[in-house]
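Take a look at the structures listed below.
Across the two complexes that follow, chain A remains constant while its partner is chain B and subsequently chain C.
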Partner chain A sequence: MLRTMLIAVAMVAGAAQPLLAADTASDPKAEFKAFREYFTSRFPKVALDDFVNGPYSMDEGLRKQWKAIDEFPPYEFAVDKGKEMFATPFKNGKTYGDCFPNKGIGIRQTYPRFDEKSGQVITLDVALNQCREANGEKPFDYTKDDMAALTAYMAFTSRGKAMDINIPDDPRALAAYTKGKEYFYTRRGQLNFSCASCHVQNPGNRIRTEVLAPALGIMNALPIYRSAWGGMGTTSRRLRTCNSQVRGVPLKAESEEYRNVEYYLSYMANGLPISGPGARP
Partner chain B sequence: MASTIRVRAIASGDSTQVQSLISHPMDSGFVKDSKGQLIPPHHIEVVEFEHAGKIVFTCLWGPAVSKDPYVKFTFKGGKKGDDLKVSWVDNKGQSDSLVAKIQ
Partner chain C sequence: MRTRILIGLAVAASVAGFGAAALAASADDFKAAYEKAQAADKEAAALKNQWTTTEDELKKAKAAADAGKFDEAVKHAQEAEALAHASVAQAKAEEKLWPDAVIR
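And now, the complex of A and B:
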């Protein structure tokens, strides 16, 4: 009973705060600069482009293991599956490529994007399901398997391209960015952690056996093959796992909060190369 | 369907190093699904690596081997351009094989 109440209180607090904070003005350009300077001055030895490699940019031992794993990347099967799915036409003869610019090749770095029609942030995963539904197919589950294979392939074709996220001149886009930022810095769960507690205050430090990744460029490696999962997972799966790990209640995959926080973090990673699909312990 | 086998064999000196990854669920038979039902055992039983008509490496696997298993070994012989055949059979009688060139 007490536990339920604690969670309820935490949820109310978590839900109320972004609403209040969304009213305060955001300056994405200044925040981008401050965010980047924080990481580059705290980790002067880490090359800027290396931040996208997450924990491997922080820990030499882990990096060696990663190099060995990467000779035979565990996400390779997913990339192959995604490639095949991508090339297979829907029942109406169209393909995924028809829904995207440049036939969907090498465009991962432009997502998530703000959609002016719906006034919402559209991630690559959401865009893929919209594409399926527009062509009369059932949407995929947002956390793993087919969705992870498709995004893995699309990330693979975009490797090395610089993250290129725009915040259009639209108050709703700025609001989405601000809400994402608020979500990132809001504490939640029984452990009372915010995303920033781990990924801004403690990158490179261990949380039990795991080395924490820096928030800078953290979206560039997704989707990931995570050994702890024994399989691939999308951005939603990663965020839901983060929420559970701080003993919070995970949100629905691709809920507005998750899309906004992905928007915020991807904007912060502008200019850094796509390194996905990644492999993580 | 793409092959379930990935293999890379590199000859150096008088020996060849082989690395291989196989995509397989390797269900042990002891795990329950989300409905509480046991997932029946489904795992690879034999993997064979064949070079020049001779089996150079055999794996006898059971339920304790992980999902998507990885193997690395070295054998004497083999040179660049030779064929290396990899094949597996699981407890349901399913199988796959692949012939790769030694690099």
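And now, the complex of A and C:
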């Protein structure tokens, strides 16, 4: 009960802060510029393209370990598995490549995209399951190894390509972007953290043993192999884990909120190279 | 004098026992506390801001009730309710506060 009261007191104190800029209207181009300037000003020694390497761009010691680990990349098995899955025909004879432009090679940087037909943000993971279902196959679990392998392979074929996310001239697309921004900056869970608490306010700092990654380019490395997991993790797995770590109940994988926040962060990373699949401590 | 002391002790023990019996929670007390906690948690769910600690306390409350430990069950249910109310308050406060954190 004391713990609950302390949290309530902390929240009331937070709520008492003045509302200095309570407007929620979005101007993606201006916000993109401000977002980039924030990180490049705060970390002037980090090369712009290096932000996609997350904690390794922040910590020299970790970077050395990563370089050593990357001689035998722990995600390699997932890339190989994904490549094989990608080439294996469905029961109807078609393949994943038939569902995507350029047969699905080198296109990861264009996801997530806003689908004007459904009015929804479609992530690469969702597009892959849509492809499976359109071809009579059951969808994969968004948090498990099969989805991680497919997206790892597609990211691998797109390495170095600049993130290229569009917000079409459609109020629903702007609304999705704004909702993603809201999710990113909203505090949640008993620990009262937002995504931004770690990845805007504290990149480079440690939370327990982990060095926090900057939000700029954070989506470019996904999916990732995490040593802490002893395996691969999809974007959904990463987001759900973030929620749990702040003692919030995770949302459903690929829920609208998760897709929107991926849309927002990927737009903020426009122009930065795809570095996935990544490896993280 | 000795008799009076013994009588006094017996009365005190009786009062203490009666008091303990009066304070012991029943299955109905648990049910009422649990329903209140669930209602608050449902409100948090509608705001998509449930806390894992609320869920943990609800589970502990249910487990204690299943074991017939209603005092403990009520305590966990009340803790769950308090946590759920805090998560609702957080979600409502954040609806107004989040723009303050946006990089501009």
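Convention: the second predicted complex is superposed on the first by the 257 of 281 C-alpha atoms of A that agree within 3 Å, B and C clash if a C-alpha of one lies under 4 Å from a C-alpha of the other, contacts with A are read in each partner's own complex, and residues count from 1 in each chain.
Following the convention adopted for this analysis, a contact is a pair of C-beta atoms (placed from the backbone, for glycine too) under 8 Å apart; a residue touches a chain by one contact, two chains touch by 3 or more.
Computed from a predicted structure; not experimentally measured.
Of the two partner chains placed around the shared chain by superposition, chain C is the only one that A:Glu257 touches, whereas chain B remains out of contact. After overlaying the two complexes on the shared chain, residue contacts for A:Glu84 are found with chain B alone; chain C is out of touch. By the touch criterion defined above, A:Gly230 lies against chain B but remains apart from chain C after alignment on the C-alpha atoms of chain A.
Residue by residue along chain A, chain B and chain C are tallied for touches, and C comes out ahead.
In the superposition on chain A, no contact is made by A:Ala162 with either chain B or chain C.
By the touch criterion defined above, A:Ser244 reaches chain C but does not reach chain B. In the superposition on chain A, contact is made by A:Glu71 with chain B only, not with chain C. By the touch criterion stated above, A:Thr186 is placed in contact with chain C alone, chain B being left untouched. No residue of chain A lies at the contact with chain B in one complex and also at the contact with chain C in the other. Contact residues of chain C toward chain A in the complex are 48-53, 55, 78-79, 82-83, 86-87, 89-91, 93-94, 96-104. Within the complex formed with chain A, the residues of chain B that make contact are 1-2, 6, 8, 19, 21, 23, 66-68, 70.
Across the complex, chain B is touched by residues 71-72, 74, 76-77, 80-81, 84, 230-231 of chain A.
Per the touch definition, chain A reaches chain C in the complex via residues 1, 4, 7-8, 11, 14-15, 17, 19-24, 31, 34-35, 38, 181-182, 185-190, 192, 194, 196, 200, 244, 247-249, 251, 257.
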